[in-house]
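We just call them A, B and C in the order they show up, numbering each chain from 1.
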Amino acid sequence: MTKKSPLYYIFAYLFLGVFALFNIIPIFYMIVGSFKTEQEYAASPFALPEVLQFSNYSKAWEVANMDVYFFNSLLITFISLIVTVMLGALAAFFLSRFEFKLRGALYGLFLLGMLIPIHATLIPIFMIMKNLSLLDTYLSLILPYTAFHLSLTIFILEGFMRSFPRDLEESGVMDGAGIYRIFWSIILPITRPAIATVVILNFIYNWNEYLFALVLISSESLKTLPLGIANFVGIETASLTLQMAALTIALVPIIIFYLLLQKQLVNGMVAGAVKG
Amino acid sequence: MKRSNWMRISLSLVLAAVMVVVAACGNSKENGNEGSSNNGKSASGETITLTMMHPWTSPNVDNEVYKARIAAFEEQFPNIKIEQDGVAAAQYKTKLFTLATANNLADINVAWPGADLDPLVKGDLLMPLNDHMDSWNDLVREDALAGYNVDGNQLAIPTKRNFVDIIYYNKEYLAQVGYNEFPATYEEFIEMIKKLKEAGITPISLGNKEKWPLQSSYMSIIGQRFAGEDFLHKVMAGEAQLTDPEYVSAIAVIDELTKLEAFNIDANNMDSVQAQDYLIQGKAAMHISSATVDGRIRTTNEEGDKFGIALFPSVPGGLGDQKMAAGVPQFGIAIKNGLDEKKKAAAVEFMKFFVNEELYTDLAKAGILVPANVEMGDDISPYLKEMYELTSNGTAPVFDAVINTQAAKEFENGLQALTVGRGTPEEVAKDTQELIGQ
Amino acid sequence: MHTLKKTRLAIFVGLLPSLIIYVGVAILPIILSLYYSLFNWDGISAKVFIGLDNFGDIFQDDIFWLSVKNNVIIMLTGLIGQLPLGLLLALLLNRSLKGNGFFRTVGFIPVVISSVMVSLIWGMIYNTEYGFLNSVLGVIGLEGWQRNWLGDPDWSMLSISLAYIWQNCGLYMIIFLAALQNISSEVNEAAELDGATGLRKVILITIPMIRATILVTVIYSISNSFRVFDLIQILTGGGPAHQTEVMTIYMYNNAFLSRQFGYGSAVSILILLFSLIVVVIANRVGREKD
């Protein structure tokens, strides 16, 4: 790789530095805020806290009912995510690597899902879940999360798989491998960066989803984290510092998950090339 | 990795399914046994489960009182279980509305009066409490009960009284421009705003992003001052119009305050809580909001002494009682219509226990205004006492508790437009009037 | 080679589960919305069939067209702001730059952070009297540029757009990063042997190589812009006086706040229709050169 001029690096770091600053400030502000008393925050939102209020965290954990909600969120997020990505990858594989009747129509149908305004579906989905007797179950969330994110998953994965050279499967076919085997051991490994992308996107959407969880779940034992985080806000009152503590806690899994997947995101091709 | 995860998940799903089936079988067996010996009373050890949806999730003192009361009930009635669904207040009405569309309300609900009650009335979703009113007729103030009485049916019992129009003011700033008392007349009030402006102090902090503050906290009381406390009811009955000159003069107050630049510049991008903080931080001299926020501004604030409370001043030639405050009976407890006999009996039992004198006393002790005449005791905070006295001269209705939702939303948008110099008070009145009763 | 009967069965079996879940839970509600849109209905009382009257009323409402215009502004800023910025970040972070792991993570923060914090932070940046932006303008002697950023109807959409770019460019960054991984090092080396370096290489080699992904992000960005809701709801609530309303907020206000559920459903059908038209056009244009 050719060396870049020092000017390039100065420009690059300056740009990235400003960019990073803009992105870190909210987190920094949130974490500082989470250690203040409500009165300190109301009086001077920018000042550092006099005493670190660690108790905010235990109080926030309690008010947001995280003992229960945290686990529910993990469970629902992961099940939806796994189902969505598995089904989506398979669908994308067929849609991108095969010619068959209705292929275009099916692709268009799946794409439509990316355009549906979520709020409009709230009452219809409530009615559907009621008729299926699924209200107030994990499934009532897993199904919509899967259905709505299948579109994006298929869309991104299809775009990637389409760009692979056409003769990729041929070695597999010559070996007499079945279609599912080709999918599993040839296509899937080289799609890894894209899979990592959609896994992250799915994780974030599911982890933060609020509206469906609000209306479809009523039992305390099944509720998810975003519902707990909303617990801090009344109509004309709010416990912002406690809420910031809760938000900080809720952010931890996303960051960990992102860091874990980032490797896949960037090293995917190398691994894929070796296997392929 | 993935495969073993899959295994584990599907295995646990299968296990869960088996457990549900087993539990269901067990239940039905129990029910079967119970069925034969059941003679109407639920004393045989059978547990009745009632669901209850409420907005008491935030860590406020009043919410703690409500939840403690539910716990106390469960302790005293071990055979009735209350399964709570606590929904954050900001989204409570969205959920209530969605559940109502599918006729899927919880057994016990918390409801707001007026326009918010409308859909529940239209759908015939709440059980009239007329036969059980002995428990509450003497305890709860009549004017508070009236808010939940539709066509002679008492649909809920209010548990809290909120006043929406309290003016919180910074005593130091007012003294700085020569006022040791809050002005008593509108002219003086405007005069004071001009002086505050000259002194470089933002007169009023307003957080109108969510649009309800101008409608609820401002226009409920300004409208009452100019046009009288029964004006809004007359409008709904078709006996008066929002375009009547006295009401247009009321709306013109918002226009006048805007032209005086009485509000902070960012009024339309701030929420109500941020506007409270402006007052607390000394960035403004006044803030108008509900009695509930007294907790944040004075009670729990070390510098709470700095702030005083007042009501909107009297206006020249006003048709309303110039001492009233605008209030609304909140948190009405209601039972879902169409419960089976056993559940209904249990729900009424709950209502009688939950909404009784003890609840009101506990709330009053915690600094909450209640719609009942209960002893306050001597140890209540001086702030609450002051608030109680300030609001004891009669109650005017809140705008959106009387006017139908669609018109109220149009009104909110029109008022917000006035604050950015668009439209006129006449136009706001006309546009809103067109939607009355729709 | 892929036309055997067995293959067809495999395709059918592979697509069926996705289709069932997707049609049952995502498409069916839209069909129901289409049905509700033909009624005057508050969600609770009896429905009254009124044909296409809801649509007629919507087309005559100036506020609706204002919201359409705002959606177009959001879409354009998404396309000309988020995508190039996301691509630039991906290109910078794709090479072995010291600390690129850190920047990749940091770049992604706006995507994952709660809207509560987004609202607080941008509220502070844009605040007129005490805000960060106006303070900076004051310090560097540009007092004349100070604005009521979110409250002034001339500037509010632009201010929102800036926050929108900030919030989502990290998303496109990671999609582009993933795509850049698929350009093999041989292609890069070959390009460099031909003397293509720097910007020239990016334009001539890299961008054509990830064209498929760029099309994906263009369509994703368009679809996101038509569904934008939270960001505007928390920054301005659509105000002042409807000036920053987009179609989804218009729909939500009518369906859930004013409780005209039939009317709101009709708006949602129009959102779907409008975005579909734009996406189909973009797709045509993007695929044409193939």
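Rule of thumb we're sticking to: contacts are C-beta pairs under 8 Å (C-beta built on N, C-alpha and C of every residue); 3 or more make two chains touch, one makes a residue touch a chain.
None of these values were measured; they are calculated from a predicted model.
Interface comparison, A-B versus A-C: the higher count of C-beta contacts falls to A-C. Put simply, the chain farthest from chain A by mean CA position is B. Centroids of chain A and chain B (each the mean of its C-alpha atoms) stand 36 Å apart.
Separating the centre of chain A from that of chain C, both taken as means of CA atoms, is a distance of 16 Å. Annotation for chain C: residues touching 2 or more other chains are 43, 256, 261. Looking at chain B, residues 94, 101 sit in touch with two or more other chains.
Counting partner chains per residue, chain A has residues 45, 123, 127 touching two or more of them.
Residues of chain A that touch chain C in their complex: 1-2, 4, 12, 15-16, 19-20, 22-27, 29-30, 45, 87-88, 90-91, 93-94, 97-100, 106, 109-121, 123-125, 127-128, 143-144, 146-148, 150-152, 154-156, 159-160, 162-163, 173, 178-180, 190, 193-194, 196-197, 200-201, 204, 208, 229, 243-244, 247, 250-251, 254-255, 258-259, 262, 265-266, 268-269, 273. Partner chain C is touched in their complex by these residues of chain B: 94, 97, 100-101, 119, 122-123, 125, 202, 208-211, 264-270, 274, 283, 405-406, 409, 413, 416-417, 419-420, 422-423. Only residues 42-45, 123, 126-130, 148, 150-151, 153, 235-237, 239-243, 253, 256-261 of chain C touch chain B when the two sit together in their complex. Listing the residues of chain A that touch chain B in their complex gives 38-39, 42-45, 59, 63, 78-79, 82, 122-123, 126-127, 130, 135, 214-215, 218-220, 227, 230-240, 242.
Of all residues in chain C, those touching chain A in their complex are 1-2, 7-8, 10-11, 14-15, 17-19, 21-30, 32-33, 36, 43, 89, 92-93, 95-97, 101-114, 116-118, 120-121, 124, 166, 170-171, 174-175, 177-179, 181-182, 184, 188, 192, 197-198, 212-213, 215-216, 219-220, 223, 226-227, 229, 247-248, 251-252, 255-256, 261, 264-265, 267-268, 271-272, 275-276, 279.
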